[in-house]
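Structures follow.
Below, chain A partners chain B and then partners chain C, in two separate complexes.
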Partner chain A sequence: MRRVTTLILLAASASALRAAGTVRVVTKDPTGLAVPDAVAYVVALDAPVPVQPPAEPVAITQHDQMFDPYVTPVVVGTSVVFPNRDNVQHHVYSVSPAKKFEIPLYKGESTAAIVFDHPGPVTLGCNIHDWMVAYVFVLSTPYFAKTGADGAADITGLPPGRYRLEVWHPRLAGKVGRELTIAESGDTTQVVSVTLRPDRRIRRAPDGGSSDYK
Partner chain B sequence: MGSNGLRLPQFRRFGTRLLLLIVALVAVAQCADYVLVRTANRRNAIGRINENLRQGTLLFTRRVDARLDELSGRAALMSDDYSIRQLFLKDQPDPATVRSALDSYKVRMGVPFMALLWPNGARIGDTGGPLPAAALRPFQDLVKVAEVADDSRAKGFARLPPEGPSGKLYSLLVVPIYAPPPEIVAWIGLALPIDHAFAKLLKADAQLEVTFYYGSTSDMLPVESTLQEGIARSSAPPTSNDGIMTVDVGGESYVTAYRPLLPLITPGRAAIALQRSLEEELISSRQLERFLLILLIASLVAAALVAPVFALNLSKPLRALARHTEVIARGDYAIHLRLDRADEIGQLATAFNRMSEGLAERDRVRDLLDKNVSPEVAAQLMRDGGALGGEEREVTILFVDLRSFTRLSESMAPREVLTLLNRYFDRMSGIVEIYHGIVDKYIGDAIMAIFGAPVEQSGHADNAVLAAIEMKSALARLNAELATEGRAKLSFGIGINTSRIIAGNIGSSRRLNYSVVGDGVNVAARLQDLTRMSQFSADILISAATLRAMRGRYRVRDLGAAPVRGRDEPVEVFSVEGAE
Partner chain C sequence: MLRSKGRILAPLVVFLAPAVAVAGGPYLSATTSATWQDNVTNAPSGDGIRSSFDLDAGGAATWIHTVDFSTLLVTSLSADAEVCTSYSGLDCVALGPQLCLRHKLGLGALAPNLYAGLAGQWVGFNDPERGKFEGDLIFGYSQRASDSVQFLLDGKLGSYDARDVVFSGNFASLVASVNLDLDETWRLRVIGGWRVGDLVANYTAQQSPYGWEPIDSDAFNLPGAWHYVRTFNEPFVAWRVSERTWSYGAAISPAIGRHSSLTLQFEHFTSVGLDRYDNNVVSLSFTRQF
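Showing the complex of A and B:
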């Protein structure tokens, strides 16, 4: 059975005129529930906007044998570090076309930073723990935001102009996108719908150290 | 049964019929038994085979599933293996390395063929081996199925190249390689042959013959079989069939279950046939049937041997009874039937003996009666009993009296007198009986005879007159005999009268005489008296009433009227000289 979720993006309109506009995106599935961890981003259509990777590396930690955060949107060229805060070793890897790498078994804060230098989705895994999965979405636009638990995301600092709004999610089925124009006068409201594939993440293995027999 | 009905052969002898009856009953019972057992055995065998076949098809499905599930588990281990992921850390996996890795896994998993495919189904590499690259198409079809499956796996059957007789049926399995789950970076394809070893394994488990077929919808050929090629070919499944049926192969019945191999990835039709020979299943039952057959023959023989003895035991006393009946019919009551049996036949023999005793008793009584009274009176007494009473009827009375016998007897010894008298009475009485008269009584040397009673007869007057004429002749013959003996001759006179009189049993309830009462009797006696008178000089005198009653023609002389004692009126007298 394939569960289909429709994500509705609501770009709320703002009444006040600003120099830089904001697009508020609210994601909902067909039943009206919020969909977190979706990356909403806009691509300028009039002229390419250069991206500036952050000076400090972004961290995706391993804690309690889970990646945190689950989805990390970054711009091209961003360095990501993978601090291991568990007392077991992890072996982080990716075989995704946008970034293939591996950090063989290690433990602790200090690891080499991985530079994500190609746009596209990158799936992270751990060779030791099958259930560990996380995504890095590498963007070539500086305008993006990730939906929170309430399914809302605000893309801010948009100069007036024409853009293409797109949404990405690990379980996104098909491409979702539309053009929108940010006016001088203020914030813009846009509505976009997407479909999600069923969630097929596997369960984590039972804690081997647990001995609370009943 | 009507004469136009079914004609059964008739056997006169009871023994033969009994023999046939018993043998027929035994034959029918035993044959029915045999047929019923045989039918039931066959039905049970088919039922058992059907059940076996159902179990067999389940077993087949479970075995195929189990095999694939096990492989699936091994493949999952492989797909989660670090070294496999290592291959995908490079932009393009090195073909030689992929081939080597797959060869290693092939050995580890014990499968003859493995392929590695990109998520879109394109080939990354394979183990080669018995299957050429063209064999990848079914795997690619399965990938499309697996993509949308809940567990991202797919399996099915396929006929893989080379084409022709050397092509084999395979179980195919496609499992994903995750990096990490649920991200699928590649597919592993596995092929397990449905080969002779597998067929033999199934046969060993299910005790059924196993054949795999592949072909077009209309024409299917065996690709693997535990049966001989010819038998397998003959029992190819009929068009689009899925079920159990009995197939006749070379005169032997095979109960066969067909089950399509689904899903079949390659075009055409594939099926498994599970079979069991009915004859083989019936082997144990056949022993019972043979035993029953022997029992059947043995009981027939026993029946044929015992029945005649039994029949003889029954018919012998019956024949003896029949013979005894004939003896009794002949009037011999002295012989007793001796049968030492307590059954119905013994009772019958006892009843027969009682009957013959009863008959003998009756005969003795009858005999005595006959000697004391005339046969007709005796018959009437036997019939009516000794009831008192009488009836009025017309009869002819005859009196015959020896003349001068008293004087004659004085010169003879009493014994001689009685002998002579009895000799004379014997002749005369015989004549009376010949003419249907009865001797009513002997009165000294006289006889009183009656014609027309107790049995009514129409010609009683003629009978009396004819008897009188015959008596005359008999007396002449007796006299001739007496003359040769040197004795004096006898002479008699006969008086005959016809009259209405009362006839019946006369006397007390203890002693009865059948006789007649009436004036007519006296007239006859008087007419007899008249024969002594010289004026008549006749031996036979009859009255006018007798003359009127006579129908025959006789030489009769009218002697005129004569006065008789005890009567006022003279009586007309006629002399009978003889018959005309």
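Showing the complex of A and C:
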């Protein structure tokens, strides 16, 4: 009896695995160049899918007076730590509506994890080093992926059904989205054209010159 | 004299010692520059104007201490050496501490910054009578209007004490500048400045039965202390004058990687009062943060 039950469970699992589809999202700008650091995600339209934040906190490191990674997608409720690997102190903050916080000047491990409990984009900065910037994109869907240098991202584990595909990027000009249906068999590739605003960041290099008159 | 110099620097040392002990750092930076100025003598128009070319190298170590969420206590120690290729008497070394409170009014790159502090400096010249101790009250304000535009205002109230009354004095200055970043590499800067206080002006001299005197007969009308100097390889008299100085200038500064920059800067200074002195200064500097 136990063997039969096991076989049934194995068969069900295999069926579920076959049913889990993958959406490969390929992002390109209007000139056809790949767009890295974009967050591609799908939202189930048939029924909401609960999200489960990871047990371990996600780390956004400060190294060489830069945040790494530049874009971090997380689900609602995820804890994020900000270890400082520099030999200078940083003052990490956000004034974004989705998460306002600040961690006063520190080196080494950050004192506490920050829980990102509302969906939306969160811009991170250092109140000492104005050029430091990074983004946390907080999602209320478990189906997401970040594009790599080739502009591609694979969203895996999608049960059959109707979804809305959206793409977010820190410099995205306008909203990008479309509906798609995941069938029981086969994966799909979605090529998404995104228009980005110019990449303007605060200059990091030091000031030179002086105007001391004696 | 030494006692008065000690009075200038002692409070700085007292403040610096405990701050440095608990702060993060040192964060190091170095600057080297080449400067040409067309009126190093600070002479009125006429035959007293001499130009010079200077080479300069210096460094600074900075410590940062957190006072509260938005306030930093920044202490630094800087050292600088300058070679004047035209007049060796102007070769100098400088060493000085600085203690500064910096406060940011809010979070974010666009929040305004305020600072106020004390700076002290000892400057030793090859021409020993020019050696001096200087104490300054410094203050300023800066704010970004966007990621690419930043306004800065730097003020200074200073007093310097040399071994000679001609080379001692007081001043107040304000420098306003606007940084415009064309992209992450190229920065343009526009500068405007105002200064009021003592200057040293130099007039060509001739020997009379009464000693060395300025050739310019109008110079006799200048009030203040003056005496003969050997700094410029020919007879000059140095005068302590009180003037108002206006300046304007511009700079272009390409970043070299993330930690360095090159800056080509031009400034014109016009000092007016009992006499008028014009000076054009062009400098090329390289700054590196470690």
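Everything below uses one rule, namely that the second predicted complex is superposed on the first by the 186 of 214 C-alpha atoms of A that agree within 3 Å, B and C clash if a C-alpha of one lies under 4 Å from a C-alpha of the other, contacts with A are read in each partner's own complex, and residues count from 1 in each chain.
Here is the rule we use: a residue touches a chain if its C-beta (ideal position, glycine included) is under 8 Å from a C-beta of that chain, and two chains touch if they have at least 3 such contacts.
Since the model is a prediction, treat every value here as computed from it, not as a measurement.
Asks: Answer with first, second, both or neither: which of chain B and chain C does A:R204 touch in the superposed model?
Replies: second
Asks: Look at A:K175 in the shared chain and tell me whether it touches chain B only, chain C only, both, or neither; answer first, second, both or neither.
Replies: neither
Asks: On the A-aligned overlay, A:D130 touches which partner chain: chain B = first, chain C = second, or both, or neither?
Replies: both
Asks: So in the superposed three-chain picture, is A:V95 touching just chain B, just chain C, both, or none of them (first/second/both/neither)?
Replies: In the superposition, A:V95 contacts both chain B and chain C.
Asks: Do chain B and chain C touch any of the same residues on chain A, and if so, which?
Replies: Comparing the two interfaces on chain A, one with chain B and one with chain C, the shared residues are 91, 93, 95, 102, 125, 127, 130, 200-202.
Asks: Can you list the residues on chain B that touch chain A in the complex?
Replies: Residues 80, 82, 85, 88-91, 148, 150, 152, 178-183, 185 of chain B touch chain A in their complex.
Asks: Which residues of chain A touch chain C in the complex?
Replies: Interface residues on the chain A side: 64-65, 88-89, 91, 93, 95, 102, 104-105, 107, 125, 127-128, 130, 200-211, 213-214.
Asks: For chain C, which residues count as touching chain A in their complex?
Replies: Where chain C meets chain A, its residues are 24-25, 27, 29, 31, 33, 64, 66, 68-70, 72, 104, 107-109, 111, 144, 147-148, 173, 175, 177, 179, 181, 183-185, 187, 189, 191, 193, 195, 199-200, 245, 247, 249, 251, 253, 255-263, 265, 267, 269, 279, 283, 285-289.
Asks: Going by the contact rule at the top, pick out the chain A residues touching chain B in the complex.
Replies: Residue list for chain A touching chain B: 1-2, 91, 93-97, 100-102, 123-127, 130-133, 198-202.
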